[in-house]
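In this document, chain identifiers A, B, C and D correspond to the written order of the chains, with residue numbering beginning at 1 in each.
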Amino acid sequence: MKNRQPIGILGATGMVGQRYIQLLENHPWFEITWLAASDRSSGKTYGEAAKWRLDTPLPERIARMTVSPAEPEGAPKVIFASVDAAIAREMEPKFAAAGCAVISNSSAFRMAPNVPLVIPEVNSDHLHLIEEQPWRKESGGYIVTNPNCSTIGLVMGLKPIEERFGIEQIFVTTMQAVSGAGYPGVASMDILDNVVPYIGSEEEKMESETLKLLGALDGYAVKPLTAGMTAHCNRVPVIDGHTECVSIKLGKKLGREVTREDILAAWAEFNPLGGLKLPFAPEPPVEWCALPDRPQPRLDRNRGKGMAVTVGRLRPCNLLDWKFVLLSHNTVRGAAGATILNAEMLASLGKLEPVAAAATQA
Amino acid sequence: MKNRQPIGILGATGMVGQRYIQLLENHPWFEITWLAASDRSSGKTYGEAAKWRLDTPLPERIARMTVSPAEPEGAPKVIFASVDAAIAREMEPKFAAAGCAVISNSSAFRMAPNVPLVIPEVNSDHLHLIEEQPWRKESGGYIVTNPNCSTIGLVMGLKPIEERFGIEQIFVTTMQAVSGAGYPGVASMDILDNVVPYIGSEEEKMESETLKLLGALDGYAVKPLTAGMTAHCNRVPVIDGHTECVSIKLGKKLGREVTREDILAAWAEFNPLGGLKLPFAPEPPVEWCALPDRPQPRLDRNRGKGMAVTVGRLRPCNLLDWKFVLLSHNTVRGAAGATILNAEMLASLGKLEPVAAAATQA
Amino acid sequence: MKNRQPIGILGATGMVGQRYIQLLENHPWFEITWLAASDRSSGKTYGEAAKWRLDTPLPERIARMTVSPAEPEGAPKVIFASVDAAIAREMEPKFAAAGCAVISNSSAFRMAPNVPLVIPEVNSDHLHLIEEQPWRKESGGYIVTNPNCSTIGLVMGLKPIEERFGIEQIFVTTMQAVSGAGYPGVASMDILDNVVPYIGSEEEKMESETLKLLGALDGYAVKPLTAGMTAHCNRVPVIDGHTECVSIKLGKKLGREVTREDILAAWAEFNPLGGLKLPFAPEPPVEWCALPDRPQPRLDRNRGKGMAVTVGRLRPCNLLDWKFVLLSHNTVRGAAGATILNAEMLASLGKLEPVAAAATQA
Amino acid sequence: MKNRQPIGILGATGMVGQRYIQLLENHPWFEITWLAASDRSSGKTYGEAAKWRLDTPLPERIARMTVSPAEPEGAPKVIFASVDAAIAREMEPKFAAAGCAVISNSSAFRMAPNVPLVIPEVNSDHLHLIEEQPWRKESGGYIVTNPNCSTIGLVMGLKPIEERFGIEQIFVTTMQAVSGAGYPGVASMDILDNVVPYIGSEEEKMESETLKLLGALDGYAVKPLTAGMTAHCNRVPVIDGHTECVSIKLGKKLGREVTREDILAAWAEFNPLGGLKLPFAPEPPVEWCALPDRPQPRLDRNRGKGMAVTVGRLRPCNLLDWKFVLLSHNTVRGAAGATILNAEMLASLGKLEPVAAAATQA
């Protein structure tokens, strides 16, 4: 665990910030050395500033660290960020301009043309976009983003299918966990014995991010997948794990009718990283559940240490071609783990290296 | 409350049976005089036989009634039935053959060609089918059914739209309450902090029943609506109230593009019963919720005393034409109240009259 | 419904404020004419200012009313208040000084020596204390309070026992609903699949308020009951209804050993209001549940329209004398309904003049 | 992992049976070689027979094992049992008579005078009782039991206090998870938005088992602790983890008043196993939570891999001396883990021969 890459966390006290801390505790490549949060928290120890909501203990070392102001001065050269869009819009460029690799879970820049929106198993080639960012040229810094928590699972499930058969239409209804709204987030009065059939901007995010992720890199631009897509997003009384009901119309890439076995094979054989071993990459990335009533969030969200996406109930759809159920852990695969995996991919591509150099000099 | 129609309940101890008892307590037209359940319960008082699970007290008069064997002997001429399909398949014809009007919530005969599957606000003309039933001709008895709990709300929301604009495609994802599975039904270990993305046969029922309900009576046969339809059915941790996410492709009946205002008007002006006042018919039958995050089961399931269907979030669908959210109370509008309203409609059509005569002679 | 007493609500947008509005909608004696809330809400219509969280519709008339600033100018002479203690401490005296009858659910003045803490069925004689309040003498105004939501149910269950047998020791563990914490109140992340064994200041409030309520009026002072008491307070994933496990050691008033039948009789015969009919007073005030696993919040909280207290599971206690379970609806009997019933009692005593006149004419 | 002790599971398909399988998957000393369940399951593979409800995958090796009839023929010599009391009463003696070490979670023989009821950290000396069992003398077989799930946590929290200060009175109210009732167990209709203030026989079990566990071995008999004790037991909507509110009156062992620091020290210094390392023994066995609102089941149940007991909120009690909150994982520490730890202790004492040999060699 020597010479691990120093990592800073922007938004360290939030739900995703807490997950970064939990998941990085014994990370072989990365080590948290800097924590920043709102002005209210700055100057306190993390133990005082954060209301720890996870079911593993807050690491002692982290509890004693002092929360820094959210400024690039003194920050390490690799920053994991998860802050509100409005704050991200202002801060993340500051850190990028200061030479930091900003690897972000925030939504602010996901759809910016020169910012990669990446899931390593899906479109790591899009990382190339960073070379077009103004900060990259000036200071070496850049911004890379991961998708929204409900998008990631969906796209992981769709990618193996899109690759082999093409996808023309996507219909998805989500049943999303409360942790996706942060803390305090959803009021208990709103969700006990209830469903809230609305999550602000979520449907729009899913629709646009999915097509960008499945799109093709064309020079220094991403051409979104040309598929029709509609999303219905709901909040349900579940702590962690977004469940999604999906119907899809396939394309003609295969040249013959796609069978159930074809789709099961596409998922089973999905091996996008080839021989590349990344600490947070689950094997397999997409797991098939054969039981008729699965996946279920309480039982399946932790597969692959929370990084695998689970699919089940594949059956014909009367309207489109096929329908199935998909599940992923929204604060692990869908947020903190997504950022970490992006960082691992960037490290394996040598894109954290000059950064690391800079960091070790500092 | 004099001269009320005597009513017998088949399946009196189940969740829907309990709702019949609760809802009929002060009914102006009907009075429970006979309760039947499984052999295990027969001979006990209802108070001993039933584990009452509703949040209003079990009426004293009912608690003291003795549970009868599930045989037509001694039963009144109007029977409300809610029993398992296998049991219904055997018993309901026996009661019909004995001259009873069997008004049923069971699924056994819903799709039988000569059995009306009816929601009074949607297709009361289908009741005409009873005249083709063999029992009707021999003994005066017949079977009338109401749809599955998840179908009723959907069809109530679709009918005003189908009438004015036509519907070509229907996409629905349900988030269904646990009471729909009866008692004990769904285990708490299966649903706390969880979603179960599967309900046996539910998707098939929704798909077939919806098209029959929206179909046209053609002589003594129902021609199902020729629309494409697909359903995804899920169980969520909600006590009562099924929430449904719906996308629809409209037909060309209007002769011009359908606007949001057109659809809102179709719902607002839906007045299928005209001047006919039935005690359990809600006014309006379909209620629009203007708030962006509604309807929600805990807050809206009791509208119209649990008999109204609530709609909200009407917005364009990228794949079909429009999408919206729909809610109905699954054990009131979706089960016990549905049977009661069917009986009220039959009474207003004089179809319980010879029955009543027979009953008062008995 | 003519000549109803005009009522103002302080804290109208909160959870208890919403309950005042819901419960007073068709009140025979009282009519809401004025609504006040924080500066943020002032000037908006109530429909805009409040996030209505109850399962009955917000009355149209109320939705259109404009929220007033929280100042006595323009307010009616009877104020129902439910605001945070710090705000109450400042505002309630202002309204009392301006001549208002401030009938409060706030905790600020409950333990003040000259402020009555009252449950009409328990200690309406304590209302006499208002005559010692400085405001009363100067402007006619005064402050009357009702207890904390967890205290009310407990004291209702204990009063019939204390009266007949005396009580020397009280042990109580509560399992309290989330609505008791207001809105947004308890975060869903804190309570789904969880119990929070702590509610700030709740144990202290229960211990002190219980003894004051069961205390004797001695001139213009209340002598608290001299009993030992300890409370353990917990939050559980329940929307409405506080469940309490109680053990008690009895006194010697009866002069012989107290039997189970004695206690059941004390509850059954509890009729503290005699012939006095108050619209919100439940009959009976304390209901016995004979079933072995009752009372339960979901099934029993609405007894007596949410104003009755339910008791069950009376059995010997190995440490003290008897133990039992008690339930009451925390936002009806435990908050908004408590204020309303206090106001009804004050009206019947002629303390809301000219209310009483109107009331007795009605 | 060679030469591990072969273990048979009686009641393998139940909730506790599933936990045995989950927890023993990589156990260093024990290996499951035989699974038995009801006649209905016998002959099927375990994968077919069991409805796996845990959030880790069913191990492949176990899924393929055939479920045996519940008869000693062919069973290994060490049996972990968790079956209904009525079945245990008949079966466990059969296995003991056949020479098996029956290490049981069933309640049937817990209070039998010659059967040890043991928590290794509390009273492993009671294991001596097996030498008085008739089976032991005849065939070498015996029965050892662990306590009820709600008792274990309580006694772990009390033991360090009893040891140093003595305990004269114990008051406990439990809020128990649904997994304690097995599967399907508690119906979702009974527990969503609800509390059930009753668990059959639970209060009696807690009261008797606690005093036996804290009692002293006197020759071949256990003299129960002479303390007064009363329990209130409740079911709450929590998946795993029993929360308990405890008040205690201390004895005079210390010879001076006991302070808060004394109690905290008793817990912190509790090290009952000394240097003995057992794979499932948590270190520390009792963990103190300093946060004011802890322990909480969702956040703290997995401490010490589910084997630690967590205590918090120590504060003076107005009636007895001290009160606090206690939490333990009911199906790990409170059931399956308890059996496993008892077996580990027996192995370390050489009572599972030839197990101990293998174990000490390892």
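The rule is short, and it goes like this: a residue touches a chain if its C-beta (ideal position, glycine included) is under 8 Å from a C-beta of that chain, and two chains touch if they have at least 3 such contacts.
Given the structure is predicted, the values throughout are model-derived calculations rather than measurements.
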Exercise. So which chain is the furthest away from subunit C, centre to centre on CA atoms?
Worked result: A
Problem set entry | Contact-richer chain pair (by C-beta pairs counted) among B-C and A-C | A-C
Exercise. Taking each chain's centre as the mean position of its Cα atoms, how many Å separate subunit A from subunit B?
Worked result: 43
Seminar exercise, completed: Per the C-alpha centroid definition, the whole-Å distance linking subunit B and subunit C comes out as 40
Exercise. Any idea how many Å lie between the Cα centroids of subunit A and subunit C?
Worked result: 48
For this session: Enumerate the residues of subunit B that touch no fewer than two other chains.
Result: 53, 190, 192-193, 237-239, 298-299
Problem set entry | Footprint of subunit C on subunit A - complex, ascending | 15, 53, 178-179, 183-193, 237-239
For this session: Note which residues of subunit D are touching subunit A in the complex, please.
Result: 53-57, 192-193, 239, 298-303
Problem set entry | Residues of subunit C that touch subunit D when the two form their complex | 169-171, 173, 175, 190, 192-198, 207, 228-230, 232, 234, 236-239, 243, 245, 247, 292-299, 312-313, 317-320, 323, 325
